[in-house]
Every structure is written in structure tokens, then in C-alpha cells.
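What follows is a pair of complexes built around subunit A, which joins subunit B in one and subunit C in the other.
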Partner chain A sequence: MTQIKKIFPYFIAVVAAFIAAGIFIAALKFNPFKAYETILTTSFRTPNGFIQTLVKWVPLTLVSLAFTVPLSSGKFNIGAEGQMLVGAIGAAAVGITCANLPAVLLVPMIILAGILAGAFWGLISAWLLYQFNINEILTTVLLNFISFALIDYVATGPWRDPAAGHPTTIAIGENGFLPMLVNQPPLTIGVILAAIAAILVYFYTDKTTSGYELVVTGANPRASKVHGINIRQMFLFSMIIGAGLAGLAGAIEVSGTQHRLIEGLHSNFPTLGLIIGLIARGKNQAVPFVAFFIAVLEVGASAMQRTLLIPVQVVLIMEALILIFILLSDLIRRRQK
Partner chain B sequence: MEQSAILQMQGVNKTFDKVVALSNVDFELKSNEILGLLGGNGAGKTTLMNALFGLYKMDSGKIILKGQPVTITSPRDALSKGIGMVHQHFLQINNYTVLENIVLGSKVSHPFSANYKTEEVVIQKLCKQFGLDIDLSSRIETLPMGTRQKVEILKALYRGVDILILDEPTTNLIPQEVDALFQTLKIMVKEGLSIVFITHKLREVLTICDRISVLREGKNVVSLSRKDASDDMLVRAMVGEGMDLNKSVIFSEDKSRSGKTDQKPTLKLNGVNKISAEKTQELTDVTFTVNAGEIFGVAGVAGNGQRELAEVVMGIQPVSSGTVHLEEQDITVVDTKNRIANGFVYIPEDRLSDGFLNKVSVAHNLILGYHHLEPYSKKGIINWKNVKSSSMKMISEYSIKTTGPDEVGGNLSGGNIQRVMIARAFSQPSKLMIAHNPTRGLDIPSMDFVYKKMFESSATGMASLVISEDLDELLLICDRIAVMYRGKIVGILPREKFEKYEIGRLMSGYEQSSEETGKRA
Partner chain C sequence: MSGIEVFLIDFLKLTFLSMVPFVLAGQGTMLGGRTGVFNVAQEGIMLTGAAVGFLVGYLSSSVFLGAVSAMLVGGVFGLILAYFTTTLKMDQFVVGLALFFTGLGLSSLLPKLALGVTLTPPLIPTLPDIPIPLLSKIPVLGPILFNQNILVYLSIILSVLLWYVLFRTNLGLRLRSIGENPKAADSLGISVTRYRYLTSIIGGMLIGLAGAYLPMVYTGTFTDLMVKGRGWIAIALTFFGGWSPLPIMFGALFFAGVEVLSYRMQVGGAFIPYQFLIMLPYIATIIVMIFTFGKAKAPSFLGQNYDRERRTL
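This part shows the complex of A and B:
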């Protein structure tokens, strides 16, 4: 009963967002009911649609966790974008330079390189915070810009693919491609890696003493400090874990989807990651589910554009509206007290 | 001679988010009397008066002022009807003068200048009339608490009130200032005012009040004139039937503590100095020892370095110089985590900022600081089953009002948050407890329970450092009391030398220099 009570405001917020966006679609002279039918059913009508949804779910879950894990300790990691890109660079670098290693070695190395490179990018902000108390929101955002320059440099530098018209590197070694879970339509074990990551995050924050310290630091840093918790260490730690998760997302994009480094491979995932993290209200265990829902919308949106010629941006509007309505429902609940 | 009622409140109800604060309360104030509104914490005294003063809206109820039914919607409204209130926390501007604070917000004769000559004359007259000796040109921040309170009273008098509500007016006063306040109240009544005196201290109402109304759990219990009142019946009215007074610490006849301290020092501070980042000297040459099994009190007016002392002992803030020893072992540089592991327990003063986690569950709160110990966790993995069952036990033993271990901490009331902190502090065997205002916000039976727990623990050898602004509390439970003034220990008295006025004198820093020479001699 209480569970239903808790979920109810979310349900209302989603319905309200659909109605509001529906008015918008109707104003554009399209049929909102047909649009919603396409958006909501594409993922479940065909195996292809479902697998596409899972493929989107992988990076969405990981970049959202990159935001929510630091948020558990009260820190805002807005740099999942940069961390994902640097993770992708690390993965591509290993995949290209060690192209001839056997797959048993190369795949884990690529994944690990991605995680470490992403974590390193987060470590810069975390260390500035730890050592000099520099605001992490600022440093993570600014490091995003540096990462754009970095990926430009790598994709147009020594590993450039001369045949491509867009800044792109040559492909990584074939042994470095993520193994397939389903061949047609293609689904790699990336989905398993993301699921494992989400479960580990849940286990860590909910079941371990270190995770407990992370959560209480986020709840009240001063009281945590008074009771012997090294809160600055928790800040540092959570930022690095978050960044490592974003790096993993980058590595999976490189070795699972693109097989090379492409400028812009982060797509709109990091932005959606923030939205997902906020809709989940920073709850790590809710992130995979919210991410799945958003993945359904995203896949449905491209189908809607293909078949009904409704611009895909409509879905972005809807996602933003869901977030706004959920925040509103918070406000209303607080007022009622 | 029966006086007429100047003010009546009838059938007042007020609920806060399902919590019933007042239920069908009646209240009557007669003219020219001091009415004691007595009750423990959470009894609803302040809520009732805040409703009268227009700070809260009553759910239902009537106010009849001088025979006329009135509605009061705001403090300004209340003041215009002649009702003034002095809160526990003064609303004053620190770097303004007394005069400026008094006229602030009232109509002045020269509204576009800082010329308050006319007002000054009026206020001077009021001072003389009520025997309030205040220099109107001194700045608020330079004044002791007792004088600041006089300013607050003067503020109300200047606005022409004839009913004055005083909310726990003796909280931050030393005994000498309390006496002076009582003198003032008597003069005010003689000059035609009617006064409501909110307090939880029995002795005060018996000293000063003409009539006494007792509230408990938001309900009227009894109203009677002082000459009909006795200690016993007021105590019973305040605490209810459930409490066994003979076994209580607060009301027992035998005020002696067994005091079986075996002179084995648990905590030793030697020449501790603490200078803040802003270069202010917060602690100066603090030296004392707390023995095993001893309850060592620290008295002082709030803000004289007590908080810094607690945090230095807990290792939350570093010392600038000096040493801290635990059982002969130098722990000056040991961090908080390791002090807790070595048997330190802390009940911080500011529970909301330093002690409690609003956003997570009650269970999370109950294990904070001990989460890495068995049975709560093993090898870094938390055993939530054990945590839950221990939490259930603590919730029932300490009568914490909550729906269960999973309830979000933020839903708890102030008194219950304090109970969580107490439960947490006593949940572990410890060598040293640092308790800063440990009973703030607790009702009388809960206070008594805390004292009993402390006595039990001290009987097993736990040393306690109790820092409190409530001098009566310290006099009741401590073996020795140290007095702090401006970051210094200005005197340490053993139990047989406890004397309220002597401690009050030390607290206010009078003759501090001669005291120091005396100590040295």
C-alpha cells in the first residue's frame, strides 16, 4: 500500500507530461494518440525494437549512475560527458595499439582502460575538491570542454581514419570487439556489464559499511564528520566511482557499438543521464528502471520520426516535462504538510 | 479579594501535521497577577502562548480580552492590543544600541533621522518606573544575557503592553540575574501589568507566581493559587501518573550522589589552547581531569567555549597547543573515528546539524558512528537484520515515537530526535561520554531516564563530561562542576561546595582575577 502511495505521484507526473506534450503535438497538427502509440509500443512490438532499447539502456544507466553515486555523498558530478569521452579514448587507445592480442586478454583490457581513464578524469575534479575545496560542479563541467578538445586531437591525429569524413579513428582490433549475446539483431555483453555495474552499485551503497558512510555523508556531512567519518575521503571516493562508471560507458560504446572512436559518440546520453538521475531522485536502485523507461521513449521517438514525420525533439520536451512535473509533485507534497 | 480576568482563552485546539499540540485548552489570566504556566517540554505551553501572540493560527478556540472576544492574526496585532511576548531567543540586532533596538519598528517622532531624543526620554522614564537599570547607549553585543532580557522587556513596555508573556525567561540567566528578574516582575505587577511566566521549573513558580496553571501533553491538568499548591501535587500534575517518583533522580529526597570515584583518571586535558582560523582565542589553558566513574559538569553561559571544548575532546577540532590524554595515553592527535573506537561517546549540542540525519532512516541514525562494529556489521558488510532488531529494541527502551526503524528521520519531533541521540550514545559500552545539553527538549520522565542511565553507566566506571546551560541539571547529577568563562576554566567545585550563587558569580566572570590569584596561591 505504501509502495503504491509512493509511486502514485510519479504516475500522475508522467500522465500529466504526456497530456501536456500531447497538446503540443496536436498544435503541430499531428495525431498525438498515434504518436504515443508509436513511442510506447516500438520497444515491445519487435525483437529488433527491444534490443535497440537495451542497447540504449546500457550507456543511459551507466552515465546516470555516474551522476547519482557522487550525489549519494552530496556531490554533483556534471562531468559524465567528459568522463565518458576520456573513457572511450582510453578504450580506443588500448584497442588500437594492442590490436593483435587475443580476445580473452584484449576485451578485459579495453574495458579496464575505459574505466581507469574515466576514473582518472573524475579524479582530477575529486582531487581539486579534496585538496583545495574547489567546487566540483565547476571543475567537472570545465573538464568536459577539455575532453572535447582531447577527442578532437585523438580522432584527427595519428590514428585518424583518412577515409572518414568526420573526425574518427581507425577501428580497434577485431579481438577487442565485445562478444555477442544475440547475433541478429546485434546485442553485445555490454548489457550484462551494465547490469552487473548497477547491481554492484546497489550492493555497495546498501550493504557495505563504506556505502553506509557514503549515504550518511550525503544526508548530513557535518553529523557524519562528528561521528568519525572521513567525509572528504567519501567525496573523493564517490566521484571516482561515478567517473569510472562513465568511463565504462565510453568503453562499451567503443568496443561494443562503434568499434572505433568517433567524435560525438556520447550522443545525448550524458544530458539524459542527468534527467534520469533527477527523476530517480538520486536513488541508485531506481536508476536502471528509470533509464529503461527513458530508453523506451528514445527508441519510440526515432520510430515516430521515421513513420509519422513528427520531430524527435518532441520526446525531449516530454522528458523535460516529466522531470518538471515530478519536481512539482515534490513541492505540492511539501506544501501539504 | 477576587480579581477579574483580563484575558481568557477557551477551547483552544492546535495540531501540527497529525501531532496534537493543544487539545481543548482553557486559559485564564487575571489582572495584576503573575501566572505560572508550568509543564515539561512538549506540554504545549509555548504553543499556547504563540497562538495568543498571533504566531500560530489556532485550529479552533476563542480569545476574550478584557471581556471582548478578539482575533489576533499577527504579533503586530497582539502588540496593538496590549499583549507583548519575550521569547527564549531574543530578536535583537547585535551591533545596534539598546535605544535603537527598542525603537526599531515603532513609530518615531523624527522618522527621517536618527534623532531619538523624544523616545529616549520616554524610555528613560520607563526604566526608572520599573527599576530597570540599563545604559541605553551601549551596544547589544557587549551586554550580558540578563541585561539583554531587560532590553526585550523594555521593548514590550515601550509599546504599551499591559499583558506580558515571558517564555522560559530564566534559561540563560545566572542565579543573581534570576533574582533581579523576579524583582522587576514584582514591580511590573505593582505598576499594573499582568504577566504570564512560562517555565518547566517548579521552584520558580513557587517563588514568584500568584497562580499556577499546569499543562501536560497539550491538555489542562490543574489551575490553582500558589497558597493551595504543594510541591508534590505540582510534580504529579507535571509528570502524570505513570512515573514512580520515589525512584526518580529529579524528585528523590536523597540528593547525595554515591560518588565512588576511584581517582583513576580517564580523561586528562593539560594546558589546552584553541585558536580559531579567524585568530580568536576560543580556549585558554584548559586543564582538568575526569576520573573513571565520575560525572564532571561544565557550567557556563552559552557561547563561552563549551562547544569548542566538546569538539576538542572528541577530536573534531584540533588543539592549538596542550595535550589530551585517555587513561595515560596521549591522544592529542588521534582522530574522531579512533576516539570513538577507543570508547568515546558524544551527544552534541546542536542535534540537527551535528547529530542527526534527516534524510535517512531512524535505523541509519541509530548506528551512526558504530556502523563498523559488530553486531551491526562484519568485514565491511552491514547486517541490516541485526541493525533492525537492535533498532527496535532501542526504540522501545527509549520510547522513541516512530513508525519503525525504516521511518525517515526527518519525520521525528525534536524530543524524539534527542531520544535517538541518547539511545545511540548508550547503545555501546564506553569509557567516556561527552554530553552537551543532553536533556534539551525532553519531558521530565525522559530527563529522569537519562540521568538514571548516566548513573548506571558511571557505576560501571564510565567517566562523563556533561556540558550544560541548565545549572540545576548540573547541580543535580554532577560530582564536580567546572565553570567556563570566555574559554577559560575559572573554577572547579566539588559536590560538597556546590553553591548556586558562587557558581553564578563565576559564570558571569565577576572577580575573575582575584579568583585566579586564589587558585595560584
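This part shows the complex of A and C:
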């Protein structure tokens, strides 16, 4: 019963967002019921749709955790985009330069390179915060813009694929491709890696002392400091873990999906990551589920654009509305207490 | 005139031209922050301001109407921010981020709805230079300072005006006292809520106009994500300027100078790969923050909501 009571405001918030967005769709002279039918059922009607949803779920979960893990300590990492891209660069660099290594070595090396490269990118912001107390929102965002130029540099540099029209590197070694779970339609073990990452994060923040200190720091930094927790170290640590998760998303993108580094690889995943993290109200364990829901919406949205010609941006508005209504429902609960 | 002189005059003229979005967004951020409302949605508000300013300007064939609409939309963002934080007491960062991607989504959606998908985007006329009689004839200074578009002049006037209001009038004293100690201000009968709404809305209007400046002066059209981080840089600029109008204006000149330098060197075919020149403004911003962030005199209650029923602050 209490569980239902807890979920109920979320349910209302989602329904309210659907109604509001439905009015918007109707105002654009489209049929909202047809739109919602497509959005909600595409993922479950065919195996292809379901696998597409899982493929989207992987980066969404990871970039959302990249936001919520630092948020557990009270810090805002808006830089998952850059960390994911730099992770992808690291993964591609290893995949190209060590192309001839056997798969048992190369695949773990690529994944590790991605995680480390992403973590390094986050470390810059974390260190600036630790050393100079510079607001992490600003540095993580600015590093995003720097990473766009960096990926362009790498994709047009010595590894450039001259045959491709768009800035793209040559392919990584075939031994570096992530093993397949399902061949047709393609689903790699990336989905398992993301699930493991999500479980480890949950285990860490909820079941270990260090993770507890992290959460306490976020809940009340002053009290934590008084009780001997080195809160600045906690900030540093949580930012690096978050960034490493974003780097993992980049590595999976390179080694599992693209098999090369493509400029413009950053779609709107990281923005969605922020929305997912906030809808989950920063709760790490809720992130994978919210991410799945958003993946369903996203897959449905592209189907909707294809078949009904409704612009996909409508779904972004809907997601922002869900977030706003959930924030409001939070408030209502606070008032009732 | 020698070649280097021509280059310098051209460079400085462009720097003053490029200062405007930073000045407007920086002052808008500062104004809200002075009463404690920390807006972090600049990038989204500027994007929507750019899209709305361009669309209204194009559809009504009036750049002026475009600018006014961008300001109105920015003001609505400021109002929503004020309502959610000051009245509903929600976390300012969370609301700001939610508004950031609302703006991001709107700016990408609105042009598609209004114009459909077009291969050649329509253009609006860019703002003309208005030479000021006599002053524009002064050698060197004339072409740099007194032969600019109207918003360059207005942004300088605005900065001086804001300095005057904040530091030389009773109203300014009230605004500043709210950001420093809302409880004390409240106990003196100053309406914390009213002034927070006021500054947040006016701040949002300035940020919206900062966005509209980009299509109105630089490109004549709207392209997705055209703000390119200027909104975020404006936040850094506000800290850099110690939340004071005049230093913010000079800081804006610095960031504009770096931006112009970065473009000039890309065009000039420098030996450095152009991607590193693109990074220049962002790297400069981070370096500037290292030197100024710790010392910056931010308002004490920046980013914190005020609840008069709470005993402790």
C-alpha cells in the first residue's frame, strides 16, 4: 500500500504531462491518440522495436547515472556529453592503435580506455572544484564545448577515413567489436555492461560505508563535515565516478554500435540524461527504470515522426513537462505533511 | 594608415560588437543574483530568444518587434523561475536546469513549426550601423566606438544605468540588501518576494534580448544551438565581474575579444589546427575562473530561497 502511495503522484504527473502534450499535439492539428498509440506501443509490438529500446536504454542509463552519482553528493555534473565523447575518443584510440590484439585483450582494453578517458575529463572539473572551489556546473558545460572541437580534431586528424564524407575515423580492429547477444537485430553485451554498472552503483551508494558517506554529504554537507567526512574529497570522488560512467557509454557506442569515431555522435542523450536523473529525483536505483521509460518514448517518437510526420521535438516537450509535473507533485506532498 | 592600424581598428570594432550578448546576459544574471535568484537557464533562454526574435522579425518584417518578442519570452522564463523558486521554494538549480532544456527544446521546435523544414533558411536584415554625428569622425575611436549598431550603445548605457541604480539609489540598496541578508531586509519592510520577481523578470528579458542579438547581428537567421555556450560563459562572466555592472561590462569586452581573436585566427589560417582555436573562448573562461572565482564577491544569499517562517537562515 505504501508503495502504491509513493508511486501514485508519479503516475498522476505522467498522465498530466500526457494530457498537456496531447492538447499541444492537437493544437498542431495532429491526432494525439494516434500519436500516443505509436509512442507507447512501438517498443513492444515487434522484437525489433524492443531491441531498439534496449540499445537506447544503455547510453541513457549510463549518462543519467553520470548525473545522479555526483548529485548524490550534491554536485551537478552537466558534462556527461563531453565525458562520453572523450570516452569515445579514448576507446577509438585504443581500438585503432591496438587493432591486432586478440579480442580477449582488446575488448576489455577499449572499455577501460573509455572509462578512464571519461573519468579524466571529469577529473578536470572535479579538480577545479577541489582546488579552486570553481562551480562545477560551469566547468563541466565549458568542457562539453571543448570536447566538440576535440572530437572534430581527432576525426579529421591522422586517423581520418578518407572514404567517408563526414569527419570520421577509420574503423577499430574487428577484435575490438563488442560480442553480440542477439545477431538480428543487433544487440551487444553493452546492455549487460550497463546493467552491471547500474547494480554496482546501487550497491555502492546503498550498501557500503563510503557510499553512505557520499549520500550523507549530499543530504547535509555541514553536518557531514562536522562528523569528520572529508566532503571535498567526496565531491571529487563522485564526479570522477560519474564521468567514468559517461566514458563507458562512449566506449560502448564506439565498440558496440559505430565501430569507429564519428563527429556528431553526441545526439541528445546527455540532455535526456539530465531529465531522467531529475525525474528519478536523483535516486540512483530509480534511474534504470526511468531510463527505460524514456527509451520507450524516444523509440516511439522516431516512429511517430516517420509514420505520422509529427516532429520528434514534441516528445522533448513532453519529457520536460513530465519533469515539471513531478517537481510539482513533490511540492504537493511536502505541503500535505 | 598602416596595415596593423587597420587591423587593430577592425579588431576592436568587432570586439565591441561581440560584447553585446555577454553584457546583456551578464547584467541579466547579475540583476537576478543581486536579490538571490541564481538563474542557470541562460543558454536555453538565449536560444529561445534567438529563435523567437528571428521568427517574429521575419514574419512581421520588423526587427524591432522581433527584439521585443524575444524580451517578452525571456521575461516569461524569468517569471517562471521566480514563481517556482520564490513562491514554491523549489531548488534554484533544478528549476534552472529544467528551464534550460525547455528553452533548448522550444528553440529547436519553434522554427520547424513556423517555417517547416527548409533547405535555404530565410534571412532577416541585420541591424545597421548608426554613426553618431561628430563623434564618429574622431580618428581611431570614432570607427571603433561611435559607428556601431544601436544595441552596442544601449548595452553600454544599460551598464552605466545599472551601476547608478544599484549603488547610488535607495532602490539599489534594497535590492543589494535582499541578496546579502533577506531576513534583515524583510524585517525592514522590504518585500523580498516582489523584488525577486522584479529582478528575475527583467533579468530574463535582458537574457532573451542577448539571444536575439545573434540572428539580428551575426547571421540574419536562426540555426540550432547557435548560442554555442555564450549563456554559460555569461555566468562565469558575472562571477568574474564580482556581480557589479561596470566590471561585468569590461569582462564582457574581454570575452568578446577572445571570441573575435578565435574567429580571426581561424579565418587567417593560423598554423594551429582550427579546432584548438574554437576551444579558445572556453579555455579562456576556465582560466579566468581559476583566478577570480575564489575572490569573487558573490551576494551572500545567491541561489538560496528565503522562507520568512524559518528561524534560521
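Here is the rule we use: the second predicted complex is superposed on the first by the 334 of 337 C-alpha atoms of A that agree within 3 Å, B and C clash if a C-alpha of one lies under 4 Å from a C-alpha of the other, contacts with A are read in each partner's own complex, and residues count from 1 in each chain.
Keep this in mind: a contact is a pair of C-beta atoms (placed from the backbone, for glycine too) under 8 Å apart; a residue touches a chain by one contact, two chains touch by 3 or more.
Source: prediction; values computed, not measured.
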item	value
Partner chain(s) touched by A:219 [first = subunit B, second = subunit C, both, neither]	first
Which superposed partner A:76 touches (first subunit B, second subunit C, both, neither)	second
Contacts of A:274 with subunit B and subunit C, given as first, second, both or neither	second
Touched partner set for A:169, first subunit B, second subunit C, both or neither	neither
Partner contacting more residues of subunit A (subunit B vs subunit C)	C
Which superposed partner A:209 touches (first subunit B, second subunit C, both, neither)	first
Which of subunit B and subunit C A:135 touches, first, second, both or neither	second
Shared contact residues on subunit A - subunit B and subunit C	none
Footprint of subunit C on subunit A - complex, ascending	28, 76, 78, 128, 132-135, 137-139, 141-146, 148-150, 152-153, 156, 271, 274-275, 278, 311, 313-314, 316-317, 320, 323-324, 327-328, 331
Residues of subunit C touching subunit A in the complex	40, 43, 84, 88, 90, 93-95, 97-98, 101-102, 104-106, 108-109, 112-113, 228-229, 232-233, 235-236, 239, 273, 275-276, 278-279, 282-283, 285-286, 289-290, 293-294
Parts of subunit B lying in touch with subunit A, wherever the complex brings them together	17, 311, 314, 316, 335-341, 346, 348, 353-360, 364, 367-369, 371-372, 377, 380-382, 384
Contact set on subunit A toward subunit B in their complex	207-213, 215-216, 218-220, 222-230, 337
